[in-house]
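The following pair of complexes shares a single chain, subunit A, combined with subunit B in the former and subunit C in the latter.
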Partner chain A sequence: MMTSLHGSKREWQRRATGKQLMIWAGWLIGVAIFVYCWRLISDKTIWMFVEDAPRQAADLAERMVPPKWSYMEQLWQPVWDTLNIATLGTAMAIIIAVPIAFCAARNTTPSRVFVRPIALFIIVSSRSINSLIWALMLVTIIGPGVLAGVIAIGLRSVGFCAKLLYEAIEEIDPAQVEAITATGASGAQKLTYGIVPQILPAFAGISVFRWDINIRESTVLGLVGAGGIGLQLDASISTLAWTQVSLILLVILATVILSEWVSARIRHAII
Partner chain B sequence: MSTSRHWKRPPFIKNPTLRWGLMVCVVIYLALAFGTMEINWTRTSEGIDRGKKFLGAFFPPDFTSRWESIYEGIVESLWMTVTSTVVGIALSIPVGLGAARNLSIKPVYYFCRGVLAVSRTFPEIILAIFFVKLFGFGPFAGFLALSIGTIGFYGKLLAEDIEDMDPVQAEAVKATGAGWLQWLNYAVQPQVMPRMIGLGMYRLDINFRESAVVGIVGGGGIGATLLTSFDRYEFDSAAAILLIIIGIVMLVEYSSGYIRQWVQ
Partner chain C sequence: MLRIQHLVKQYKTGDQALKSVSLEVPKGQVLALIGPSGAGKSTLIRCVNRLVEPTSGSIELAELNLVNLRSGELRKARRRMGMIFQEYALVERLSVMENVLSGRLGYVGFFRSFFRKYPQADIDEAFRLLERVGLDHMADKRADELSGGQRQRVGICRALMQTPDLLLVDEPTASLDPKTSRQIMRLICELCEERQLAAIINIHDVLLAQMFAKRIVGLQLGEIVYDGPPDGMSAEVLTQIYGEEDWEATIQNVDDDAEGSETNIEDVQQAV
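So, the complex of A and B:
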């Protein structure tokens, strides 16, 4: 709390003058960066199209209603595929993530110098590449289809699951592990009786949370040919079948809301 | 007492009917899922060769031959990341304030919650498809898609943070006779600020990762370059792009950790 002199009157000020100046300088730099970036984007934009956008949007909206409900018959299979991609992808991610998480956690890693950095690098690279890019890669490698989608979702989720899981492992209560060690338990026994019971609830929560995110992500994998409802979306948009597009969007909306509800219920039950 | 009595670990799910029921459900589901998936195994096994080639392309990746378009794409992605994060957060502040139950009145609350729910539901990439249709190709469409994604994410967390704040401090400031804006500035903002700066950095990270994919549908950024290099089977250029993306994400992650420590 600072005061400053204004004429003869002392006034309360929230921060010291130096700190206040620093914050202003920070704002100035931030605004300058923003304006610069904005200029570059605006140079690349054809503003005529942007001005035209409201009319286009109205036109598009008009073409999208009413949704073509009869198209629903052809959508059940893609929706099922989407659910499978998300579920099997999550399952695959968990199977891979568990050993990586144990290697990355400070208290369980076999070697802090060699194994832990490798595990952390795997986690970061899996997390930094979007599932759509994983899918793009896998479609060129193993061909289009549901399998590419499952693997893409799986590889993308490994980093997320392993990161949360290893944080959970690092936060366990060491006294319990010590107690198990005192009974003369071997390494594997310590793991199954000392560590696993402590992280199991967190583990279940993470899996369900990731499943929910994966449902959302697997709806768009079809755009690059990796199966699921995105394939239909892509096909409908390229044939300008806007009434089908609106139905697909409604289906995606319903699926996402439903999965969010399910995951919230399950997590509520676990925790 | 027989000597064969052993202690057994209590199971994770205590109710045996539920436990076995769940297991049976999982088995049935897996059978159904694998039964209905159409997997072309011959095509998949052919791919192993290509996969090896792709992995081989990482040693060494080719930064030079497409460097110009890679550089242009990365820079464009970075502009989009910065502008969309700034605009998205700026727009999400009023929405977030409106969506906090302890600040706003009922109609405003429901309206703002509705805005947040809608902007959160659709993945950025679907938004990008529509913005490309409306605003034409280029980074502007991607920028809009990312901004809306940011509003949904940041607004929701801001609203939840405000709802969780300590009401005593807020009341103390109100008791001094502060106006609504003063109250916001001196009671609410200092309480939510540290966490929100951290989340802003996290969103910057997310927006960069997302900006790499909106290009696939024409929304500007590195995605278009990446798509082209995959389509031409130029795996060594693709590997270079992926390594750059990983590098930038790691950089943002480390610096955000540093900034968060500095703020708190």
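So, the complex of A and C:
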């Protein structure tokens, strides 16, 4: 299709003419939808408020400074809780995710027909529910507090860790496993010698990456009563204590930067 | 020692990789299996240790029929067959020593292997083998730090750690340069001689096969079309195995080459 005969000359185009036209039409439709949606949103916006926005923002910012540094005394415990929620939640997720990943990977699953779909279903259901929603449900089930947060983070992370891990398992070099099999190794030995060394870097990377994400996620869990610094944030906003809010935001920022730095260092060391 | 009778392998796709192959390898014989890509060389040796399940036929290793073994018995039988691979197939992230010791996995229990508590006799043997192939100073290096030739030596040590009766060697030199190829082939043949091992060596380099093997078997589309000594490889035989081509440069006087000195490389370069 791409090469066409034109007299004695052979012409070459990247795509056939029909296909090229289709692509142009696709772009046209895309742009039209974008313009239409823009219109829709702009009609439903109360522009009076938007015109006011810079002044409101400036006002809020003014009320936020200076941060109320003395409030820090009350923040150490929630920050520590937040770190614990993230770390324990990640640990719980990893413990559950490893067996699920092995059941979900095509090359290690005990049964492709029965076990694999179940494992994939667990992964999808864990991933499809945000940790905030898990937390909301868990707070009603086991009451408010750090435990609800830990479990919420854990349940949300199981899917993430298991999915990335089973993809890593599926990408291993089968020749190494074959070589271990050829020595007369048992199933468990094949796992520990042929497969585990190959996925260890991915495993470490995934765990640290998820821990890093969980630090960020656990800062908001307090909004629904699941422990951590979000609790103080919620309280400060509802009492309009803006100087406390700004301090909390700074503390969250510092925590996240620290966790990113730590996870980057760990990943660098392992991989 | 190894007796293959009417071995057939049909893949699920319908391709018949092996069509009733019969082959007998006596103790201590080094046999080179040559043939074009897709002739079934790899399938044949993988059927022997059942990394590939044969469709029908029988494979006997010292009177033991391997085809019907259950998994426990199969593991025991696999210990007697060392395998050497084309891309070395070392566990890249484990150390050289761990790779060599993994040849004992069929003998030691799970926990011993998991905690790397191998019997001292195994460790002594591993060092002896590494010394034999000139790598004892590399024992604690990680496998992926080694060069191709060094990795293949580790692969050889791993196979020999099993104290096998038979070596299954799949394209040992395909990823190596000509000089290293010769060194590796020479090493495999010497070790087979020292330990009176039988070996089936898949190789697509006809010159190397002629140089090192006492017997050559030509496989073409899943059938044996030649089985004889290296000096019986005439242009007709090569044409039968590989198809029409000018074979003059490939047919060598084997006696000149068998000495195996460095000058061989120049011969090859001239020949190619």
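Everything that follows uses one rule, which is that the second predicted complex is superposed on the first by the 234 of 271 C-alpha atoms of A that agree within 3 Å, B and C clash if a C-alpha of one lies under 4 Å from a C-alpha of the other, contacts with A are read in each partner's own complex, and residues count from 1 in each chain.
The rule we apply is simple: a contact is a pair of C-beta atoms (placed from the backbone, for glycine too) under 8 Å apart; a residue touches a chain by one contact, two chains touch by 3 or more.
Only a predicted model underlies this, so the values are computations on that prediction, with no experimental measurement involved.
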Once the shared chain is lined up, is A:Ala16 touching subunit B (first), subunit C (second), both, or neither of them? neither
Touching partner for A:Val224 - first (subunit B), second (subunit C), both, neither: first
For A:Gln189, using the defined touch cut-off, is the partner it touches subunit B, subunit C, both, or neither? Pick first, second, both or neither. second
Contacts of A:Ala25 with subunit B and subunit C, given as first, second, both or neither: neither
Should A:Glu178 be classified as contacting the first partner (subunit B), the second (subunit C), both, or neither? second
What is the contact status of A:Ile118 with respect to subunit B (first) and subunit C (second): first, second, both, or neither? neither
Given the superposition on chain A, which partner contacts more residues in subunit A: subunit B or subunit C? B
Touch test for A:Gln198: subunit B only (first), subunit C only (second), both, or neither? second
Just which bits of subunit A does subunit B share with subunit C as contact spots? 192-193, 197, 200
Okay, in this complex, where on subunit A does subunit B touch? 14, 30, 33-34, 37-38, 40-42, 44-46, 49-50, 53, 56-57, 60, 77, 80-81, 84, 87-88, 124-125, 127-130, 132-133, 136-137, 140-143, 145-147, 192-193, 197, 200, 204, 216-217, 219-220, 223-224, 233, 237, 249, 252-253, 256-257
Okay, in this complex, where on subunit B does subunit A touch? 9, 12, 29, 33, 36-40, 43-44, 46-48, 50-51, 54, 75-76, 78-80, 82-83, 86, 121-123, 125-126, 129-130, 133-136, 138-140, 143, 186, 209-210, 212-213, 216-217, 220, 223, 226-227, 230, 233, 238, 242, 245-246, 249-250, 253
Sites on subunit A touched by subunit C in the complex: 173, 175-176, 178-186, 188-189, 192-194, 197-198, 200-201
With touch defined as at the start, can you tell me which subunit C residues reach subunit A in the complex? 49, 51, 75-79, 81-83, 85, 87, 89-94, 98, 102-107, 110, 113-114, 155, 158, 162, 168
